[in-house]
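Here it is, the structure, as structure tokens.
We call the chains A, B, C, D and E, going by the order they appear; numbering starts again at 1 in every chain.
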Amino acid sequence: MRHSRFDTRLGLTATLAVAAFLIGPVLLSVTAGVTRNYFVGLSSGLTLDWIVQVWDLYADTIWRSYGVALATLAITTIIGVPAAWVLTLFPGRLSRLLEELLTLPVAVPGLATALALIVSWGSVGWLRSSVAFIVIGHVLFTLPFMVRAVRAGMQGADLVVLDEAAATLGASRRRRFFDIIVPAARSGIVTGALTVVTLSIGEFNLTWLLHTPLTKTLPVGLADSYASMRLEVASAYTLVFLLMLLPLMVGLQWIAARSTRHGGLGLGAST
Amino acid sequence: MGRRRAWLVIAAPAVVLFLAFWLLPMAKLAGIGAATPQGMDASAYWLVVTQPRYWQSLINTVALSLGATLATLVIALPVSRFLARHPDFPGRRVLMSLLLFPLAFPGVVVGFLVILATGRQGVLNTLSKALSGDPMVLAYGMAGLFIGYLYFLLPRTIGVLMTAVEGIDKHWLEAAQTLGANPWRRFVDIELPALTGALTAAGAMCFATAMGAFGTVFTLGTRIDVLPITIYDEFTNYANLPVAAALSVVLGLATWAVLYVANSLAARTARGN
Amino acid sequence: MTHPLTIRLDNCAKTWPDGTRALAPLNLSIDAGETLALLGPSGCGKTTLLRMICGLESADEGGRIRFGDDDVTQVAPEARGVGVVFQGYALFPNMNVAGNVGYGLKIRGVDAASRRRRVAEMLELVELEALAERRIDQLSGGQRQRVALARAITIEPRVLLLDEPLTALDARLRQQLRVDLAKLLKTLGITCVIVTHDQEEAMMLGDRVAVMSAGRLEQLGAPETLYRDPASPFVADFLGTLCRLEGGEVATRHGVAALTFRPHEVELAPPGRGLPACVQARFFLGSHIRFELALADGQRFTALAAPDAIWQPGDIVSALIEQARVA
Amino acid sequence: MTHPLTIRLDNCAKTWPDGTRALAPLNLSIDAGETLALLGPSGCGKTTLLRMICGLESADEGGRIRFGDDDVTQVAPEARGVGVVFQGYALFPNMNVAGNVGYGLKIRGVDAASRRRRVAEMLELVELEALAERRIDQLSGGQRQRVALARAITIEPRVLLLDEPLTALDARLRQQLRVDLAKLLKTLGITCVIVTHDQEEAMMLGDRVAVMSAGRLEQLGAPETLYRDPASPFVADFLGTLCRLEGGEVATRHGVAALTFRPHEVELAPPGRGLPACVQARFFLGSHIRFELALADGQRFTALAAPDAIWQPGDIVSALIEQARVA
Amino acid sequence: ADNAICYNCPPEWADWGTQLKAIEADTGIHVPQDNKNSGQSLASITAEKSNPVADVVYYGVTFGIQAAEQGLVQGYKPAHWDEIPDGLKDPDGRWFAIHSGTLGFMVNVDALNGAPVPQSWSDLLKPEYRGMVGYLDPSSAFVGYVGAVAVNGALGGSLDDFTPAIEWFRKLQANDPIVPKQTAYARVLSGEIPILLDYDFNAYRARYDDKVNVQFVIPQEGTVTVPYVMSLVANDPHPEAGKKVLDYVLSDKGQAIWANAYLRPVRPGAASPEAQAKFLPDSDYARAGTVDYARMAAAQRAFSQRYANEVN
């Protein structure tokens, strides 16, 4: 089909403008992170000193963020994949309600969820001061993304019928789950996993209220550095964060390009 | 059917987690909102609706979120249409990656990027000073917030709208064309109605996201109080738990309600008219 | 292959949770080794009936399903020993052809070597030896259909169930595979139920055909019986075009109030002996010519004639209705 | 209706941007008021050709399309005045039946009252008067098809183009609507191109049939010409099953090396006169019986016989091949 | 290593960064950095009253007084307790000063775009400083409240009447100030906030240690000097480690670190002459007074309310 020339021009202009708007600041940040003195400009020379300084100050937050993300991933996978299967299997009203409920922690601002967690679980002994508290928050926030991604994968594969086919061939429920359902939902699970890790690494709204000085994650450190560090240090820290995100995003897009179906919820870091 | 029921057990962990760590805590939070804050004489819910400080913040939030949502939709629509309609555009993959990469940025980072772009040392200020001699610093005002909101809303919306545009049967447009409709009529008569559902859903998602945005405002540290910042201030600066709880409940209910209504509407348009 | 089994359904009804009744209480007995074709329009309950037989749906309270002498009403699908070919084939995308065909054996703990042997046998039977290592998405529709069939019969099922096994294929392939499938079912000699909504397919594949309508069994019998001696107008019409003429001219010539007949039962001749009719349209269709005709009183009917028929639209002919049935 | 127009395509080829050639350079002239059926297997370029005529695709450099005396090669689709029925109908889901049918008039600025009148007329023509206010998703497939047709002809197009207008319907409905559509096209008397991959449909609807294969026009002519005198084996086979026998027995009896024939051209008789053959399978299909037969040397062929044929699998018969053609 | 959690020990403030490293090196106790402000620290220990996270807390004096009133902290008298002047400690040891600073303008001269260095509170209201002035939220951060008290006193108000301060802040709003939520030392260094209401010690550190062209200005109309205090949190999780930290910050070594960071250590003998030499002349410091901290604490809540209602 031919497109009207006006349409194409408007679209191209808007697209390039938006791309510049979105990527320009990222480039600025990357530049600032390796510039000796950003106030003076690039003429002051390039340096990796800021990144070294970030490493000195914040290395622990980076490791902790990876730890939290992996723990979150493990939990969301273990409870999310079965939940997605049950939702796929019972496409009725009740499932819609359940899914709607599971999505609430995403729909409702993270601040509210964090407050609720603090008032109800904050006084439980070791929990408040432990990383587990943050992991709980992250699981609440990322679980719907895992469930949606896996469900999309399952629906695409027409899994209910596959499950029935395996049943008529004599496979027990357990066998079917591991032989048929999990492999068929594989691309959904991988999408979900990358999404969960990406979101967890970037989660701020919940974590900011849930963390203690000993359980700072990377975004918390970022916020600290934005508030009180030199622009160059903050930029360098941001650069480190972007580098951590990059493989995850590349992976996500690679999968999205290969499979035609996407989960409805998409990705969307806490804002 | 009966035999399927046995599968239900495996969803139990998810349900338990949700009940124990979200629903019960939320209920408790809602209860705390009914308490009377120290030094006040009414329940926090009452304060929240009567004190100008709080409802002003609510109005700010709603106005900003609405404005950002509308602007996002208007900007994202041509972008999504272009990307969806030109699958063979050279560099499309790269362009898409660039447009979607910021999806993963938390609000704090977005705030920081806004400072870099439009802050005191931002390119905008440098350019403006070079061109007109006047400084131009948007980051710390309403404009900065608005830019930040656009920044995180655009990537979310473009993806959703693109899928919707791709979902429009191109034969509808061709049918209209053979019936004599010019591009504008095709857009208005066929395309927009077909996108209504997606626009509603995307708009609601934008609105809800904007309402709950915290990191961006937090980093920008503007003087414009939006609800999440008010909640945060009440809680962390004044230890005013009842008001923080009440505001959280109000904010949560408001965003959820908007999402719910819009999604029902979108589902209805998808089904029928 | 195991010895074929009879299947008996007694009083099997199906009501969905939302209250709609998919099947009225139904009694059906399928002979050992026979192929029964379930024929009926969309939504009449064919799939539901099939799923009840393989245990994927349970019958309403009071229904009984027996395989030979075993009451399987309460037996789970994984223990019923039925082979099923699903409508979209439901091949496992994470396994290759051999993996799909051998899955049932793997579940049964058959060792790898015997499994491989048996899979090879099955693939030979459906003429897919060369494709054992192919991924499912690299198969054509017809190949998929045969993999599904092989998978279903590898477990030596007591009963074979097929839900519209040819519907997903395109018209030319469908016609060709019909013949192959009929041959294979004969070879297997297994008790078999096959669902279809295409009357030709039902007549070609079924030793007997069960015509269903709105959850009820309309008629059950051999294809020729059903075609020649339909129990109801629904059955008659569903198995092929049925024309109906009544009133004046018909009463005068044939001495009956109304008669029904099939288009190929009409012979056209120069005006004279039969019902005088005017040719409205003529469609050359290769192996025959189809005429649309009208009586003087406006009643319309259809006739099939040999491809050398010379009548043209506007001609007056006389229609001789052989084997005319009184309606 | 406006006076019908001829359509002429000169040297029209189509190469996709990716370099694949959908159509080889093609000359085609369609008479005023005639219905041309484009017939061919999937992917042969039928839709592409149709879209070139309505302007939704442009022909490669050098191609010319003329409607009567107008050269429309450079005219945009919205100005060509063609009515198009798309394959999936492409009805606008945001408008009801009347809205869809009247859309072309609305675009032309026709006032509401005349529009209403004209829409009512059109709906009457396709027998949908009662459904004017229905939403599109409340229509059955056959009803949609008629709405699409009404929408296309409301604008009094100079040319009517239909892309597989019946494919989306189920088999029974398709057969029925074929006749209705043929009648309507005759009534309209408009120049019309109809795409199909079903040979019966092409022969029934087309005054002439153009058989295409891999982007080329294989043969163009009246249905009977094509069936009886195919220009290539491809055309012969595409218009109906074609059997082929060769070698020993055939050479002896018919004095030729090989012969081709159609199943209905075989007559089966008790052993004696023709080629001796063994009945492999017998399928009762209502209006006829289909026999699968084998010669002594293993060659297989198919024969159609009247429904009263008595042969059973295993019988030895003799096949008399009338009008046998030398291959 | 042992952990002790300190609320409001930001590395870029009062050189806590060096102090925390010294604590870890000398006592083996790891104290993670923490970027809260005084108000947030108080709010946190309030919220966590039933299950405290923090062991020690550092905040402005008025917050210490409030924390003690609300029973959020416990008494502890560290080594060198007796050297702390009266009035700068709670008799029961629930809070005690460790150092003090004088509030003024921390000005990044290079970031002024040629505008003159402002010299008075009223200068800041001039349009030439539009968008350049930063201050921390007076209703939350102690430095913010001190700023309010200082401008109030300088413009003729008293602890009973904050109207001059409120007026001044309202006028400042027209000048598009930047109000960061947390310590913004580094943002002044990088030029993002050209003028920040902050303490002398931060300004000197920027000038002499970080070598940025920063000037400290004691406004013409006057200002105040205020102490910062620490407390041991009630029912804290690591009381022993917490006590060691408190002991350390009052030790010779701890106090020397403050002194070298241009603070005035609370122990009179701990001042560092080299650092003192870099201070503004005493004549300028003559404009800096003190106030009654108990009254200042008592007035805080009412001021915060007014500020929130009338300025925001």
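Side notes on the structure shown:
Convention: a contact is a pair of C-beta atoms (placed from the backbone, for glycine too) under 8 Å apart; a residue touches a chain by one contact, two chains touch by 3 or more.
Note that this is a predicted model, so its numbers are computed, not measured.
Minimum number of contact steps separating subunit C from subunit E: 2.
Comparing chain pairs A-E and A-B, the larger number of C-beta contacts belongs to A-B.
Chain centres here are means of the Cα atoms, and by that rule the chain farthest away from subunit D is E. One finds 54 Å separating the Cα centroids of subunit B and subunit C. Subunit E has its Cα centroid 37 Å from the Cα centroid of subunit B. Computed centre separation for the pair subunit A/subunit D is 53 angstrom, with centres defined by C-alpha atoms. Inter-chain spacing, taken between the CA centroids of subunit C and subunit D, is 26 Å.
Each of residues 47, 111, 180-181, 190-192 in subunit E touches at least two other chains.
Shared interface positions of subunit D, i.e. residues touching 2 or more other chains, are given as 56. Multi-chain contact residues of subunit A (touching two or more other chains) are listed as 1, 38-39, 227, 231, 234.
On the side of subunit B, the complex with subunit D involves touching residues 88, 169, 171-172, 174-182, 185, 189-190, 193-194, 271-273. Every residue of subunit C that touches subunit D in the complex is listed here, in rising order: 42, 170-171, 179, 182-183, 197-200, 203-204, 223-224, 227, 239-241, 262-264, 281, 283-288, 290, 292, 304, 307. Remark: subunit A residues 38-39, 57, 118, 122-125, 128-129, 212-214, 216, 224, 227-234 touch subunit E in the complex.
By the touch criterion stated above, subunit E contacts subunit A in their complex at residues 3, 5-7, 10-13, 32-35, 47-48, 50-51, 53-54, 110-111, 180-187, 189-192, 237. Those residues of subunit D lying in contact with subunit B across their complex are 17, 54-56, 76-80, 82-84, 86-88, 90-94, 103-104, 107-108, 135, 137, 151-152, 155.
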